[in-house]
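Chain naming follows the written order as A, B and C, and within any one chain the residues start at number 1.
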Amino acid sequence: MTITAPGLELRQLSRELEGRRLLDGLDLQVAPGECVALLGPSGCGKSTTLRLVAGLDPASEGNVLLDGEDLTLREPGERQVAMVFQSYALYPHLSVQGNLELGLKVRGVPAAERRQRIDAILDLLQLGSLRHRRPAQLSGGQRQRVALARALLRQPRIVLLDEPMSNLDAQLREELRPELRRLLCGGEQPVIYVTHDQQEATGMADRIALLEGGRLQQVGTPRELYENPANRFVASFLGRPAINLLPMAHRRQLGLRPEHLILGEEGPLAARLLRREWWGHQQLLWLESDQGPLRLLTSAAAAMPPQPRLSWQRRHELWFDADSGARLAP
Amino acid sequence: MKLSGAKALLMLPALLLLVAVFLYPLLRYGWLSGHASSVLTGLRPVPNGGANWQRLIEDVRFWKDAGQTLRFAFCSVALELAGGLGVALLLHQPLRGRGTLRALTLLPWALPTTVMALGWRWILNDPHGPLNAALRSLGAPSYGFLTTPATTWFFAVLADVWKTMPFVALLLLAGLQSIPADLEETLRLEGASRIQILRRLTLPLLVPYLSLALLFRLAQALGVFDLIQVLTGGGPGGSTESLSLYAYLNAMRFLDFGYAATVMLATFLLLAVLLGVGWLLLRRARIARTTGGPA
Amino acid sequence: MPLRRLRAGLRRPPGIPGPLAVGLSALLAAMLLALGVAPGLGRLQGAAPQPVPIRALMPAPLADAVAGPVARFNAKNPGVRLEVIRGPLDTEAISDLAISSLLLGEAPFDLLLVDVSWLAKYVAAGWFTPLDGWFGPEVLAAMEPGARLGNSIGDHLWRMPLTGDTGLLYWRTDLMDRPPRDTDELVAISRDLQRRGKVPWGYLWQGRQYEGLSCVMVEVLQAFGARWWDGASGATALDSPEAVAAASWLDGLLRHGVSPASVAGFTENDALQMFAAGEAAFLRNWPYAWREIEKADGPIRGKVGVTTVVAAPGRQAGGTLGTWGLSLIRGSPHPEEAVTAIRWLTGETVQRQLALEQGYAPTWSRLYDDPELQRQAPLLVVQRAALQHPEPRPLTAAYAQLSDLLTRQVNGMLTGQEAPAAAMASAQRQSLQVLRSMVGTPAAAGTGP
């Protein structure tokens, strides 16, 4: 057996159902206290991964290890996993307090200790005043906090969050992000945070694991994925507005991010302005060039030259194989 | 709440329907129960004061039947709920051929009661029925299942449970399917056993469905008629006669419509009181069904 | 074309008793219509030679039995088209069906084949038209004494009898030389045969809580000198010492194992099946049982004798009268044609055929003297003997109640819930209660409205 680092390790984790591979040989390590965002388009296997880690579904191949200990065949209740579902899964028939208490009761925690721990967590999340409300009487954000509180009470060895903020509006999501990080990350437990929102992934996670079609595309810090994408999918999934892909000779594609294009009177590409989107301090320009349509992000103050041409720095060039999408050396 | 004119107008058809199918017969029974209307009046209703009600109060048979009907209804419904819950939990499991199994479970429910009761009567026949044939092949003597009050009652309940449990099971299955899977999964992650999940989560969330099944089945069981008429004819010695059967006999055999209406109305009042109490009790147990998600 | 009376249908049947009866009736009546009555209703009337439709409701076995005679009737009477509606086999079921249609007002039939036990109730309800206008006293006089009973109420004739059936005693010719003369002998022979292992059981009869048990009770009460119903005083006498003795005897048959405990759940057919399987020495049943036994290739075929029922020593025995007859529905639009049909169906030709083919007892005395019939219908002699002293069931409009509560009590006794004396005392008490609730009514006293 290989010696493993502390933390969570997924080895060749796979799930096959009715002849379809929902997850295909996922290798991933999450260090204690580290928060890894599982990112990818809808249906790529993010929830599947979480359910395998939690033990809610059986893995068809591969292993789940925690601090070197193989959890693959353990019952979900024995894994000490806390999971927050996208729906929050609050028990509708119980008050906030009842929701927090049920798990403790089930595990046989004595009443006095239950009370003390619930009080502490209600304080921490400022939920005290909602203690006796039913889930139906809470706002979306409040429900999310209750679900979080319930997960924390589990004293988990692994924290799994499945799109915990997708039901909240954009503003609330941004507000809650630091709080979530403060509560969950940097402790003892490895955290896997599922999202399909790259901004949230960048904001929350230490590293991002990008999935597509049940396969891991790349894992690394947000910056690594942005600057050095492993393939065309990673390059286009990360970064908004999306990267421009220009067809080049020898069945190659040149990727240039909109923010890296320079608008001026000189440069290799001539362009014509189609439309302008104003983004506050920036503007997005929709251009037509010989190589097809292009997006360009520039300062809101930038003026449009009479004969606009586009240029860029060599180091920003990303080259891909036009057929496989594989990254090519420049 | 105040009804606006348009709203009241829109509700009028429903109201009329309610009056026609519900209130009118009740009022009619009430009216008829104050009359003698039998062969001795040439079937014409003749006011007789409270004679029918006086007779009802003194009618030992009515009260005996009332007791028998209540006992039958409570036992049947209790067994149906327990058994139906078991079947529903089983059918909720991801089993192979679950669809076929669910369809099969419904068979007894789809069978007409009369046919079902005739079937049971044949099975229990002494000495020609298959159950007694089985007994004899084991060397035991035949047993009068339908000539012993206790076993007759038992098999009447059993037949009713057999017939209506599928309905309860399906209703509860719908309830189980309405419970989001992630609730149970969350509790499983907390380390809860199956029993704990059932007790702490599934059953509380099934309360609305259980109470619906309870009220519905109780109303049906208190009005039990064809099963008893065909299976036991009220026997042996009247020990399984139900109130509906008694009312039916008064109307269709004795042509005593005044008294039949009185028995019918008394049965209805009994049922209304029981269901009212049940409904009040269950209303307090009503719960919010939101699990989270968008407010 | 015969003269038509004015539409008798102008006289509507009395007050419809509200949603209760209508609700119960609608379903059954719908069934009746589905039996093929509906098309006839829409038929054109008045146009040149349309035959007058006459419909008769009968229980299935009798409907089948008269199919041939009905066809011949239609051939002979081009002005009339007689149709027989095949009702359910069970006596109580066909009564429920008939009542349901009658309660709805316009019954979809003109003639009803009526069991002797229903007549008083139907007459009191005002559903029949008396037949006196068509059949004088001389008609019944030409019938056997038993067949004359149960057709007249008050001063009117309400029913023309078609069959003269009574309860009979079946015995095993292979197990004894002659049938028992009284109840004591019946029990003694039974126990002797049982002791010697010839048969598991002695005597089989009908003990289920239903009308059949009342028929048994009528015979047993008579056999012990008790009377269920006193027509003169309009009261029951079920708690008399004789009546209790009768009930005790019946109860004793079970307690002492002469009859199996299962008779407490037996109908005619249950008892017949067991007897036909050779498991008993005696059977109480109706005439139809003989053909069933002889028809089937069972172990006792050809080993069965039929005789009249027996009484306690020194008492007069009488079989229960179970006759069927045709009554005319009040409001029938074609009473003349309907009576023509009654005349034919209850006439000697048809009764002769029914006796020959089905074993039904005729009602006409002349048929019993017919040598050919005597040769071919072996039960005829016994049937005639039985019709000399038959026992009718109480001829009162309250009969349905009285019968229902007596069978409840007696079946309760047979199933060990009550002792004979207590059961009969309770039956008497309840009977008087029912009769009291009908006090002062001509219906209860057994006279017509």
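Throughout what follows, contacts are C-beta pairs under 8 Å (C-beta built on N, C-alpha and C of every residue); 3 or more make two chains touch, one makes a residue touch a chain.
Everything numeric here is computed off the predicted structure, so don't read it as measured data.
Viewed as a contact network, the protein chains form an open path, each link joining two chains that touch. Of all chain pairs, the one linked by the largest number of contacting C-beta pairs is B-C.
Subunit A and subunit B have centres, each the mean of its CA atoms, that are 54 Å apart. Rounded to a whole number, the gap between the C-alpha centres of subunit B and subunit C is 36 angstrom. Between subunit A and subunit C, the centres computed from C-alpha atoms are 88 Å apart. Shown for subunit B are the residues that touch two or more other chains, of which there are none.
Remark: subunit B residues 180, 182-183, 185-192, 196, 200-201, 204-205, 207, 287-295 touch subunit A in the complex.
By the touch criterion stated above, subunit C contacts subunit B in their complex at residues 13-15, 17-21, 23-24, 92, 95-96, 99-100, 121, 124-126, 207-210, 260-262, 264-265, 270, 273-274, 397-398, 400-401, 404, 408-409, 411-415, 417-418, 430, 437-438, 441, 443-444, 449. Across the interface of their complex, subunit C is touched by residues 24-25, 28-29, 31-32, 37-40, 42-45, 51, 55, 61, 125-128, 142, 144, 146-149, 233-239, 248-249, 251-257, 260-261, 264 of subunit B. Remark: subunit A residues 54, 56, 76-79, 81-83, 85-93, 102-103, 105-107, 134-140, 143, 147, 150, 154, 167 touch subunit B in the complex.
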